[in-house]
Amino acid sequence: MNVAIIGASGYTGLELIKLLLTHPKFNITYIANSTGEENVQDLHPCLKDVVNIDVSKANAKEVAKVADLAFLALPHKTSMFFAKELLELDVKVVDLSADYRLELDTYEEHYCPHEDKAHIKDSVYGLPEYYSEEIKNSKLVANPGCYPTATLLALLPFVDFIQEGSQIFIDAKSGVSGAGKKLSEVAHFVNLNENSHAYNPFKHRHMPEIQEKIKLVKNKEFQINFVPHLLPVTRGMLVSVYATLKDEIDVEKILEDTYVNNEFVRVRKTPVDLKMVAGTNFCDIFVARNGKALFINSSIDNLLRGASSQAVVNANIMCGFEENEGIPKIAYVP
Amino acid sequence: MNVAIIGASGYTGLELIKLLLTHPKFNITYIANSTGEENVQDLHPCLKDVVNIDVSKANAKEVAKVADLAFLALPHKTSMFFAKELLELDVKVVDLSADYRLELDTYEEHYCPHEDKAHIKDSVYGLPEYYSEEIKNSKLVANPGCYPTATLLALLPFVDFIQEGSQIFIDAKSGVSGAGKKLSEVAHFVNLNENSHAYNPFKHRHMPEIQEKIKLVKNKEFQINFVPHLLPVTRGMLVSVYATLKDEIDVEKILEDTYVNNEFVRVRKTPVDLKMVAGTNFCDIFVARNGKALFINSSIDNLLRGASSQAVVNANIMCGFEENEGIPKIAYVP
Amino acid sequence: MNVAIIGASGYTGLELIKLLLTHPKFNITYIANSTGEENVQDLHPCLKDVVNIDVSKANAKEVAKVADLAFLALPHKTSMFFAKELLELDVKVVDLSADYRLELDTYEEHYCPHEDKAHIKDSVYGLPEYYSEEIKNSKLVANPGCYPTATLLALLPFVDFIQEGSQIFIDAKSGVSGAGKKLSEVAHFVNLNENSHAYNPFKHRHMPEIQEKIKLVKNKEFQINFVPHLLPVTRGMLVSVYATLKDEIDVEKILEDTYVNNEFVRVRKTPVDLKMVAGTNFCDIFVARNGKALFINSSIDNLLRGASSQAVVNANIMCGFEENEGIPKIAYVP
Amino acid sequence: MNVAIIGASGYTGLELIKLLLTHPKFNITYIANSTGEENVQDLHPCLKDVVNIDVSKANAKEVAKVADLAFLALPHKTSMFFAKELLELDVKVVDLSADYRLELDTYEEHYCPHEDKAHIKDSVYGLPEYYSEEIKNSKLVANPGCYPTATLLALLPFVDFIQEGSQIFIDAKSGVSGAGKKLSEVAHFVNLNENSHAYNPFKHRHMPEIQEKIKLVKNKEFQINFVPHLLPVTRGMLVSVYATLKDEIDVEKILEDTYVNNEFVRVRKTPVDLKMVAGTNFCDIFVARNGKALFINSSIDNLLRGASSQAVVNANIMCGFEENEGIPKIAYVP
């Protein structure tokens, strides 16, 4: 199946290119960014002598001529304009931006006015462990944010057992590739090296995404208190969820039972780390209990499971392929 | 005043040597480790051409001949034997181990049988912001653990405002120098670099230390749920405390008011980080609230405020010097 | 074709497992280390839910029953005993140790007495760009050291143009995974983080390996002055060769012409770095000239091109497969 | 003595502030950058509660009213305008830029037209081990570049013994703080972390500085071939000099004898590293020989000995103080 990548310049765009180059079923026919006029080898010098495709200036009509499905790795707001046009041209879309992840009201409260109200209500939230049936029949999948992916996979199995009215705290730590390729103070080497800090406590836009999905999946309302941190590493994400249980239940069993049939979630007997999942689509999860106090601990590769490889899993499901086609389970990271 | 350092081989021993070398009132007359027979320049090559003192095999009677106060940077259990002998010889002691930090019962439950019951009940917990009066009159100060230092300074101002019966969660992150100089799997470069993970969740021995001190200082009982993590950095410690308030109070004001007269606690308007305090005795603290959900965020240099510089502050107070004599507030870390 | 991996516990053993798991022609039938009695998932937890093979206690006769070719990722001296026995049982061998890399005399001068004199003289040095014909017909390939791989690929094209009698200097920098999985002072996080230093200047055993191969390939004798350094990174190797040319020649052209037909050497127009080649079998090379002063600059992934992926390339050639079968050119490292 | 710091915003400006705050003889009366209008605590939040000085918009006449000596931590070209005006107002100057380091011709060839030809010929090159007499009597000291400091201290003792006409190669490695506080591609965390690479091979402007000073100090002409590299660390600089000796001489003795009376050069018996000198003004040097091949290996803290602490040493000498007044020999870096 022929696919396009729109937004090829950033980190998630590069990961998409790499994943799709070795994918047994997808064939890249179109790569675009906002300027065009380069070969992909010049855009990403690590691809020298590996692939030889020109980078176009993004144009939906051109996409529709050569591809059946498009991955959008664009900033929010930019993405909805392309998605809208592509969908009208009958091209399937996996959108890696925030534009179709939320209910319309939540989106407009936390982002900006939405310009594609026609499609947002039909979009499916692309967390395969919870939405695979809906993804199968969808033409528009909204790929989840990195923090919500790791948090929801950890938290959803336990939502029914958490004390009503109690606070849920999420202490999340991310590698700095999540902040993107654009130069920024937080990503200046001298600032982050030998350092770590929280940012936007209780104010990150992934907080309403997590809260909304808990309500939609479990029909429960909780106050989610989300505090993201930066780690002095390139990639990886570690999430610690803290909550109060109703009863002193067998939390290991609940976790095991929830994911027994999900090949990309691995339940661990010891705290998870970044390296076990780096370069793969796995989400590793560990759980521990201290009386009624609950600690759920998950880790993902923020650029893969938190973005590009989850996007390809979604595309696999949308196209009727096996979920794991071309999805990395091992990486060359010692 | 003449002082001795016993346990000079490790990271905290080295920091003590450096602090005391430039201290205006203390004069190092004795340095010891478990083997002796070296010059301190050979033990710590960074001190070449800086100081020229022989390292002795630790012997309390020799200490008593040349020093009025001794810093013990020894493993727990070893430390109590030296402390006991030194106190009987009328040498003041600042003990950096865990041996005198806890009530006898708590100690024996979490560590081992205590061999110096005579002195443990007179020891003072050396957290200067809360125990300075007691430290002034003490001959034996138990220097707090690094995690309890950062946690208690963050949490104590708010204990009276936290909902009774609610869970307090502490997500603490430490640089790996806290794991010591001894080779270990967790401190192997390949294992920690580009990585981060929790360890001993709910089982670290600093958990009862925190819980006990909250009870002693504030006369409140809370379940403290402590989850330490390792960061891929050498030094620094970042603590995130999560709790549930009774009411939606002005948390910034409470924090400001608590520490207005403490020169080594800085209240920050933005989340704290490791670099601001690296190489100093400062504890930086930030607080934020989301409804009744509370986030208190503190950072210290784990080897200085979390060990050696706090020990020297305690010695300053014990000897009637100014608290800040010879204590670093700036460091050559950009 | 069925293959065995002997020495599965270390970093190069793990890389071999990962490479061979996804290889289209090789099938792992046997994995061994010195103890046996585990599943490979327990030995390398990153492989959980990926592969399910028992780890045996290494035994050559068992290998011969189930495999046609064996990769030995063993310490030198241990390796020759296994290689000898395997070759006598008609199993092809790719040896990743130093045991068959050198002429007998050179080996015994720098390592130890050799216990398999029968085979050492028939072994082929597995640097595919220079020995592919010999590899094709060999039953025993000695996989080059990591430093010699990066150095020889950089230096060999220029040997004929270097002033006779002049000194050749090699300033090589390696990630610390090259020092292995065993705990060591140099690989202690606190020692290496924010640090870098030379080690064994002029005394590393890769120095005679480089010197000997220059003589064998180019029939020229030069004094090679090799100074390795450690970098505070996990993987990667950067080599800077400094030499004095006879004449002010076109060095870019020489480099381009040499490797025009070698798909795993990429000639770069700008200085090379570690990230471009991390996770791949590429060797990137850049060259610059200042009058007669020559700077050749190469980089490889020390565990892949410097060990395991080069070993699989050698096995491909020995078995008549395409050189690039199952060899990574892209990696999930941003 | 009252001093001013002009150019307080960058890394070397911050180091100057920290050094001068604790200096027993110098008193900061004026701090300026290009904008003014802030307190120094806002400019450098690590100084919160440590110092309370307003930052002015740089103005030479204001400096002359309140200070006898000024440190200029400004970009080249900007610096010469301030220096000229300050000197005419009879303020002594230590200039950390390149503006007065070179002979006029060399400067204009490698930088730009010089606007203060009156003073450049009287400036003294502030490498204290070689120019202390001239510094004593100077009103204008040009503080050396970081690479030239580490290289010249390593190389000068051996210049008389190097084969005439042979090439001298310098493989230098720097922490990225040397690239400054301004955001840049090379200093983006994702680009440098787990990476290392050469830059500007044979083209860095410190190359003519090194070459010129060798000629001026030793009256010898050599082709200096300088290749700088970036290391994934914040601070530190490691220099490896490679040269060819005339004879197989006792290089350790030459090095020892050269620096026997210099307290800020330490001769080491093993290869030097970054951590031993981090946070101090030391330059550590090691030397090794392989026949006639010479390896000299030096390390400094690039921001201190390579900039700010060397500037304060120069000011000490200019003002008749002890060279080591207020100069750090130990740092809180484990």
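Residue numbering begins at 1 within each chain, and the chains themselves are lettered A, B, C and D in the order written.
We adopt the following convention: a contact is a pair of C-beta atoms (placed from the backbone, for glycine too) under 8 Å apart; a residue touches a chain by one contact, two chains touch by 3 or more.
If you're wondering where the values come from, they're calculated on a predicted model, not measured in any experiment.
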Number of steps on the shortest touching-chain route linking chain B and chain D: 1
Chain of greatest Cα-centre distance to chain C: B
Euclidean distance of C-alpha centroids - chain B vs chain C, Å: 47
Rounded Å distance between chain A and chain C, as computed from the means of their C-alpha atoms: 37
Mean-CA-position distance for chain B and chain A (Å): 40
Contacts with 2+ other chains: residues of chain B: 11, 177, 190, 193-194, 232-235, 275, 278, 333-334
Complex interface listing, chain D residues touching chain B: 11, 14-15, 18, 21-22, 45-50, 177, 193-194, 234-235, 263, 266, 268, 275-276, 278-280, 282, 301, 303-304, 328-334
Interface residues, chain B side, partner chain C - complex: 11, 176-177, 181, 183-185, 187-190, 192-194, 232-234
Residues of chain D touching chain C in the complex: 166-167, 169, 171, 173, 175, 190-191, 194-199, 201-202, 223, 225, 227, 229, 231-236, 238, 240, 242, 244, 271-275, 278, 288-293, 295, 297, 299, 333-334
